[in-house]
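Lettered A, B, C and D in written order, each chain numbered from 1.
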Amino acid sequence: MKILVTGFEPFHKEIINPSSMILTKLPSTIKKHEIICCTLPVELSCLNMIKDHINKIEPDVVLSLGQAAGRSAISVERIGINLDDFSIEDNKGNKIEDTKIMIDGPDAYFSNLPVKKMVEFIRNKGIPVYVSNSAGTYICNHILYGVRHILKQKGKQQKSGFIHVPMLPEQAIHHSNMPSMSLEMMVEGVIAAIEAIISEEESV
Amino acid sequence: MKILVTGFEPFHKEIINPSSMILTKLPSTIKKHEIICCTLPVELSCLNMIKDHINKIEPDVVLSLGQAAGRSAISVERIGINLDDFSIEDNKGNKIEDTKIMIDGPDAYFSNLPVKKMVEFIRNKGIPVYVSNSAGTYICNHILYGVRHILKQKGKQQKSGFIHVPMLPEQAIHHSNMPSMSLEMMVEGVIAAIEAIISEEESV
Amino acid sequence: MKILVTGFEPFHKEIINPSSMILTKLPSTIKKHEIICCTLPVELSCLNMIKDHINKIEPDVVLSLGQAAGRSAISVERIGINLDDFSIEDNKGNKIEDTKIMIDGPDAYFSNLPVKKMVEFIRNKGIPVYVSNSAGTYICNHILYGVRHILKQKGKQQKSGFIHVPMLPEQAIHHSNMPSMSLEMMVEGVIAAIEAIISEEESV
Amino acid sequence: MKILVTGFEPFHKEIINPSSMILTKLPSTIKKHEIICCTLPVELSCLNMIKDHINKIEPDVVLSLGQAAGRSAISVERIGINLDDFSIEDNKGNKIEDTKIMIDGPDAYFSNLPVKKMVEFIRNKGIPVYVSNSAGTYICNHILYGVRHILKQKGKQQKSGFIHVPMLPEQAIHHSNMPSMSLEMMVEGVIAAIEAIISEEESV
């Protein structure tokens, strides 16, 4: 299998983003499956960029990663919704409100990755993790919904989903009472999630 | 200098306690100063045990460590108060309420360690940390207040204070929405705190 | 217009539920529109019961209310998802996991009530309120998704949506650090929300 | 008995302060005991102002009230500590750090009001409440510690203590995810606390 893993550039006053730092620590293969990494900009054009990657690479799985300030654990997202409603500007200075991502798209798409199995594999490593029912209405949800829509249109049964990670300790020191997680643990968690995906695919 | 560092046994349904696990990872000297470690039981007798250690070792500094479930960062305690008021039982099954620790003691003792400098040294390592104004009214506060009282009575200007650490990730997975910190980062934080104490002593 | 407002019976160790107590305080008309109230059981059969009501009454609007322990403000839900995944038992003792609400239904339905306008009207009364992007995966979400599905099937453009309210102070005293809101304020908030719905309908 | 109840002016971007608004709703007597109210400025001079009041009125009890943003319940403070360490400026623009309130004062004073009984009386009204072990290191703590010190010096066994109240709903709407409590409930809670104080005094 080919597994495309994406992260994001820093945004909203932060100078680093754990989701792209994780990418630099992933191995090039996991259980002999190819891992291809790609960092996306925090703006609407991220969807066109990932679409180009998908068309060029034709990955079997797209796993996107993003930063969720304030969360204490890794969270595996269950669903993306057809809505952009930013509470902060994106990196291009846009603050889009109450706008559909895909004008003719359905209201939402469930991730078709094995969400509960990913949580189980991550927790078995001793890493705090839970299932999240909302990826928000910012760029993270935009990618989660948008990639599901793109893959649905392609009709090749490709899988996709999203994982949020907490802030890094070096980010948390600049905020009051902000939970964090070490980069090493995040990397271990993402690898465990990918192993869950592989295990699911191989068991089918 | 001789620096006595104490941790606690596991308590209240937990099977590990990061504060005693940190002790096993500390070096035997920091900047040529001797580090002596000791794990205490989570019951009132901890104070007699530490008193015996203090009288035998005559440490220059006593730094006690404890676990604070729900906190996201290392917290350096500012003050211990003359009160036992347990919301849970200790490991002997006692749930003491509204009782003075020292019947003739003052209402509270400030830690005489350099609290702000310890925070600064820890934060400079990229580790989330803050000053806490309450160590609670359980065994952690009991030790913080009790050791200050013991050292005051001895009249030798020995220093003491307390650091709370968050739960470990492997503990947090059994709780809902519980922040955590890696053991490696806690150890690095405690070493930084000890370096701050040494720096303060040497600058006097 | 006929506006059907539903609340729920108490559940999960609570002996009252603010959502049904609000119903007893609502006027029989708001701006000359008829308000019809109905309390639902906290179990899957709630959907059949509300379906019967809808078929009998043919309301123009169905506004459902529910209790969200831990939330500090009224929250107007944006979307219901096609999933039952209970973390606690319902009042019949069932703990359904990872099950679709409607086997052939879409992944989610947006509320077609004027969510942002409802928030604006409530906030203008000085009442804390926000838009929520997840109604969870318990009975509240079950009703939100299920009623949208029923109304969509009927094809009469009837509107529906969901509002979560915090715990009442008299409930919060039995929990540690639980935010709450007075019943009077909840009632005022729900009336403001209904006025927003009426204003939207009349402006079309 | 004469009971002096104090509140504070608005501070730090807020245009109202529930603690002074409560004063306007208190009756002039409670169980035949005289209630005298006084609003204090949020700056260090508040202590001189209250000292003048105390010397003029010679109250049997001084109960001070203040606002604690972020708390969900009324909290009865247990202890005031000998430290000013502001994280925000006071209303005079001063941001005092690491400074003793009374240069020769003890490290802390327990409130000598019946803290647990006040909590019990408030909770019996169905109002969320808890005992707090820290009044912070800002002006609220300054008054709590300072008044205890003043009364101790006078040597007349006068009692004093402090109650923190949450934000009002009309304040909370301007903050994200901020718990609040209605003014009516705060007033009822403070009256219940005063009744507890009276009950304690009369039972002695």
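As a working rule, contacts are C-beta pairs under 8 Å (C-beta built on N, C-alpha and C of every residue); 3 or more make two chains touch, one makes a residue touch a chain.
Note that this is a predicted model, so its numbers are computed, not measured.
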item	value
Taking each chain's C-alpha mean as its centre, the one farthest from chain D	A
Copies chain B and chain D - rotation angle from C-alpha fit, nearest 5 degrees	180
Chain pair equivalent in interface to A-C, over half of contacts matched, among C-D, A-B or B-D	B-D
Centroid distance [mean C-alpha coordinates] between chain D and chain B, Å	31
Gap in Å, rounded to a whole number, between the CA centres of chain B and chain A	39
Distance between the centres, which are taken as Cα means, of chain C and chain B, whole angstrom	48
Multi-partner residues of chain A (at least 2 other chains)	none
Chains touching one another, given as label pairs in label order	A-B, A-C, B-D, C-D
Residues of chain B defined as touching chain A within the complex	72-73, 123, 126-130, 169-170, 172-173, 176-182, 184-185
Of chain D, residues touching chain B in the complex	78-79, 81-83, 85, 98, 106-110, 116, 131, 133-134, 136-137
